[in-house]
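Presented sequentially are two complexes of subunit A, the first with subunit B as partner and the second with subunit C.
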Partner chain A sequence: MGALAIKNVTKRFGDTHILKGIDINIDSGQFLILVGPSGCGKSTLMNIIAGLEAPTSGEVQIGDRVVNDVAPKDRDIAMVFQSYALYPTMNVRQNIAFGMETRGVPRKEQDETIARVAKMLQIDHLLDRKPGQLSGGQRQRVAMGRALARNPTLFLFDEPLSNLDAKLRVEMRTEIKQLHHRLKTTIVYVTHDQIEAMTLGDRIAVMKDGVIQQFGSPEEIYERPANLFVAGFIGSPSMNFIDCHLAEQDGAVGVSLQSEGGARFVSLPDGQRFAGHLGQKVILGVRPEQIEVAEEDEPALLCKVHLTEPTGPDTMIFTQINGKEVIARVHPRAAGRPGDSMRLKLDLGKVVLFDPQSEARLG
Partner chain B sequence: MTQFNGPAQYGFAERWLPRLVLAPSFLLTLVFIYGFIAWNGYLSFTASRLLPNYEWVGLAQYETLFANERAWVAVKNLFIFGSLFIGGGMAMGILLAVFLDQKIRGEGVLRTIYLYPMALSFIVTGTAWKWMLNPGLGLEKLVHDWGFTSFTFDWLVNPDMSIYTVVIAGIWQSSGFVMALFLAGLRGIDDSIIKAAQIDGATLPRIYWRIVLPALRPVFFSTLMILAHIAIKSFDLVMALTGGGPGFSSDVPATFMYASAFTRGQMGVGAASAMMMLATVAAIVVPYLYSELRGSRHG
Partner chain C sequence: MDNQNKLWRIALYGVLLYAAVYYLLPLYVMVTTSVKSMDEIRAGNLIALPMSITFDAWSKAWSSACTGVDCGGLSGYFWNSVKMVIPAVLISTSLGAINGYVLSKWRFRGSELTFALILFGVFIPFQVVLLPMAQTLGWFGLARSVAGLIFVHVVFGIASTTLFFRNYYVGIPDELIKAARLDGAGFWRIFFKVVLPMSTPIVMVVLIWQFTQIWNDFLFGVVFSSGDSQPITVGLNNLANTSTSVKEYNVDMAAAIIAALPTIVVYVLAGKYFVRGLTAGAVKG
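Let's look at the complex of A and B:
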């Protein structure tokens, strides 16, 4: 069953187009991530889903009803805000109860719900405190509790973790994921953190300038990015982009790569699919972990290490291919030191090619 | 470590210079505010009439004061004026602020228009409203000229109603100021709190009543303090608008005090009434300051 369908939604503020025709469709129980750089219209889209703002055109469907003319309170949604948006003069209990009170839920049921939610989020001991007396992480929990009390068909999370410190953010990320496993409620989650996007989402919509650049599963987005923007935005460190010429040599389609050790032609697997672009400039996209240390007997690129960045489990090697800085993620024991030369090879099965003009993925 | 070996005079100047600089204004305050309060307090126990006179009469002036019908009218008027002026000004101001907070067009212009009366002195306000409310000149004449000759609006010259004209002018002058204070407070409230409440299903009045206005409690109290002391001190507005009349029907303590001390040759009674006003203000301000200071120390 469809849980949320957004059909050709646009939004204009005066003369500025913020959303330019958004189409999204997700099934019940899915975890949708809206990810994109600041100002791309994520919150605007979220507010349109919530009914806090009206779309300029297009249709929003929650469950199987079109909700364009339905008030926020009647959309059966709950929302968690970046700033938590707790009611400052009410204590935690009243904050959680406010929505139920407004909807006329009987007192006894309210108390049961508060007890259930407080237990689930471990905020029992905070119920009589005011928001001002809570830490950031605790406020975040209360904001989640307020949303959970509603038991909605759709949760909307607008950057719920971005005000937390790094450690807490990772913890809460796991908790949100567990919560989703337990409740199986559909979630729309806005973030500009690509790690959050990859770890949490079933479906990811990558947005830029009010346009969805790609909509798909995390694997699709990571392995088959639709264009340069998506490729560069998802993944940390970013995908390496190497300028090349697509050429044919001995019947194989490939590119020539120039490193400190000299130039070498590498043929692309299944290269014939790029035959139409032979002789043209292309951008070769290689993720850092797709650059590996070559075995003794394997053909390899001899690369000089400019800089290393140990991260613990891996070490990032900075080198140059075709005049572009390239990062390789290698095992710390295999990593050379700055000034050393390393024998590297590309995992060609996974590399992608982009058209430098249209920036779209080829093949 | 060198700073401890420096000349002793250095530390001395450091310590005394600020005090020296502040001394003149401190001295002026001491003499012209607290000194005169004390002098006035002393005068209220003397037989002063047209001029100060130091013959001690104990509480006689206070007895005269409390026996004076005109003084009681002034006190009653202060209560009527104070409560309606504070309540009305506050309600009007909050209402205007809430309306202006709805992201309406031309907000800047409206805000200036509403705030403008506060830039006028009470004398100007009083005089302008005197003309407007004058039956032969203003509103009543206007409506008569339109042909509704049965219309009467004579509060300004009606002893039972004259104090209410002061209330009208006072609210007109202060509500823009209250609005500005509350608008600043409203702007400080996170937008997403209101969005959250909308999703929770609260109507706009309920959002303001349950969430937004309670969050503005500190603004509310500051405004109350400001309006209360304007009300208690109100003198110029009454002087310009009604002059305390007709008769003494719109007298307030300040005009009563002025009239006693300077126009009717009862300086002792005037001093006694001034002391009573001081006591009233202190009764409001002292607990407020106490709670504020204690609050900030715990802060």
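Let's look at the complex of A and C:
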């Protein structure tokens, strides 16, 4: 069953187009991520789903009803805000109960819901405190508790983790994922953090300038990015973009790579699919982990190490190919020192090509 | 260096002490003169302590001093002021709170312009509106009544109370209102349950501000009231200007203190909120 359908939604303020025709369809129980840099329109889209803003045109469907003219409170949704938006003058219990009180839920049922939610989120001991007396992580839990008490068909999370410190953010991320596994409720989650997007989402919509650049599973987005923007936005460190010429050599389609230690023609697997672009400039997209240290007997490119960044499990090697700075993620024991030369090879099965003009992925 | 620091301190405290004495001296003279007898005032020195303390001047100022032809003291005027100031303060503060809430959290097309127009009220000199206002009060049948004075003070209070509340509410995060809307709360429920409970500091500021403004007002009082509806500021003026054979300085002083006492009391009781409220907007909510 469809849980949320957004059909050709646009939003305009005067001459400013915030959203330019958004289409999204997700199934019940899915975890949808809206991700993009600030100003891409993701928060506006979230507000339109919540009913806090009206779209200029298009249709929003939650469950099986069109909700364009339904008030936020009647959309059967609950929202967790970036600033948590806890009512500062009420204690935690009152914060969670406020919505139920407004809707006239009987007292006994309210108490049961509060007890259930508090237990689930381990905030039982905080019920009588005011938000000002809570830590960031606790406030986050209370904000989620308030949403859970509603038991909605759709949860909306608006950058819920961006006000937490790094360690807590990772913990809460895991908790949100566990919560989703347990409740199986549909979630729409706005973030600008691509790691949150990858770790949490079933479906990811990457947005920029009011347009969805790509909509798909995390694997699709990571391995087959639709364009240069998606490729550069998702993944850390970012994908390397190497300017090349697509050429044919001994019947194989490939590109020439020039490092400071040598040059080599590498043929692309299934290269004929790019035949239409022979002789043209292309951009070769290689993720850092797709550049590996070559074995003794393998053909390789001799690369000079400019800089290394050890992260613990991996070490980032900064080098140069075709005049562009390139980062390779290698095992710390295989990493050379700055000034050394290393024999590197590309994992050609996974590299992607982009058209430098349209910025779209080729093939 | 240390010695120089100490010198600075001494100089600083010296200046502060001088300023404090300078400003407190009139109050001191008023209080001491009001408890002296006329004989002592005539014989003695203005800043000398009273030789014997008597509250005759106070009781005369309150209940039997002449203000024009009546000789009933200030008590009647005092209660007029109370009857005027309490409703006027409460109504203008409530309306300002609602205006501020609407202009900051329920913006509509033209709300900024509305706010700008309301702000004009803060800068309009009151003398300009005396005549039209007198005409308006006449149409409403409120001329020369306490109700008419309340009306005038509410109308002129709204500009500044709206300004205070609007600027305070701008600092309340919009997400809070969104959250309450998703919780199903409407305009009034959000106002009374979410916004108003957060407003204590600014409510105190506005109450003190309005109380002081309205209690101390003389112009509207003298123009728009007469006889038994006049406020205390007018009463004090009449008392001090009524010529009898001798000028009773002690009665004048006592009357002046009676007229000023309520605003002093309000400031002392709620003054800590005043400073806190004025700075609260700057703190992240």
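Quick note on the criterion: the second predicted complex is superposed on the first by the 363 of 363 C-alpha atoms of A that agree within 3 Å, B and C clash if a C-alpha of one lies under 4 Å from a C-alpha of the other, contacts with A are read in each partner's own complex, and residues count from 1 in each chain.
We adopt the following convention: a residue touches a chain if its C-beta (ideal position, glycine included) is under 8 Å from a C-beta of that chain, and two chains touch if they have at least 3 such contacts.
Every value quoted in this text rests on a predicted model; they were computed, and no experiment measured them.
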Clash-or-fit label for the pair subunit B, subunit C on subunit A: clash
Touched partner set for A:K281, first subunit B, second subunit C, both or neither: neither
Subunit B versus subunit C as contact partner of A:A50, first or second or both or neither: both
Which superposed partner A:R65 touches (first subunit B, second subunit C, both, neither): neither
Subunit B versus subunit C as contact partner of A:T89, first or second or both or neither: both
Contacts of A:H125 with subunit B and subunit C, given as first, second, both or neither: neither
Which of subunit B and subunit C A:M79 touches, first, second, both or neither: both
Those residues of subunit A which subunit B touches in one complex and subunit C touches in the other: 47, 50, 52, 72-73, 77-79, 81-83, 85, 87-90, 98-99, 102-103, 146
Residue numbers on subunit B that touch subunit A, as the complex places them: 190, 192-193, 195-202, 206, 210-211, 214-215, 217
Residues of subunit A that touch subunit B when the two form their complex: 47, 50, 52, 72-73, 77-79, 81-83, 85-90, 98-99, 102-103, 146
Complex contacts: residues of subunit A adjacent to subunit C: 47, 50, 52, 72-73, 77-79, 81-83, 85, 87-90, 98-99, 102-103, 146
Residues of subunit C that touch subunit A when the two form their complex: 173, 175-176, 178-185, 189, 193-194, 197-198, 285
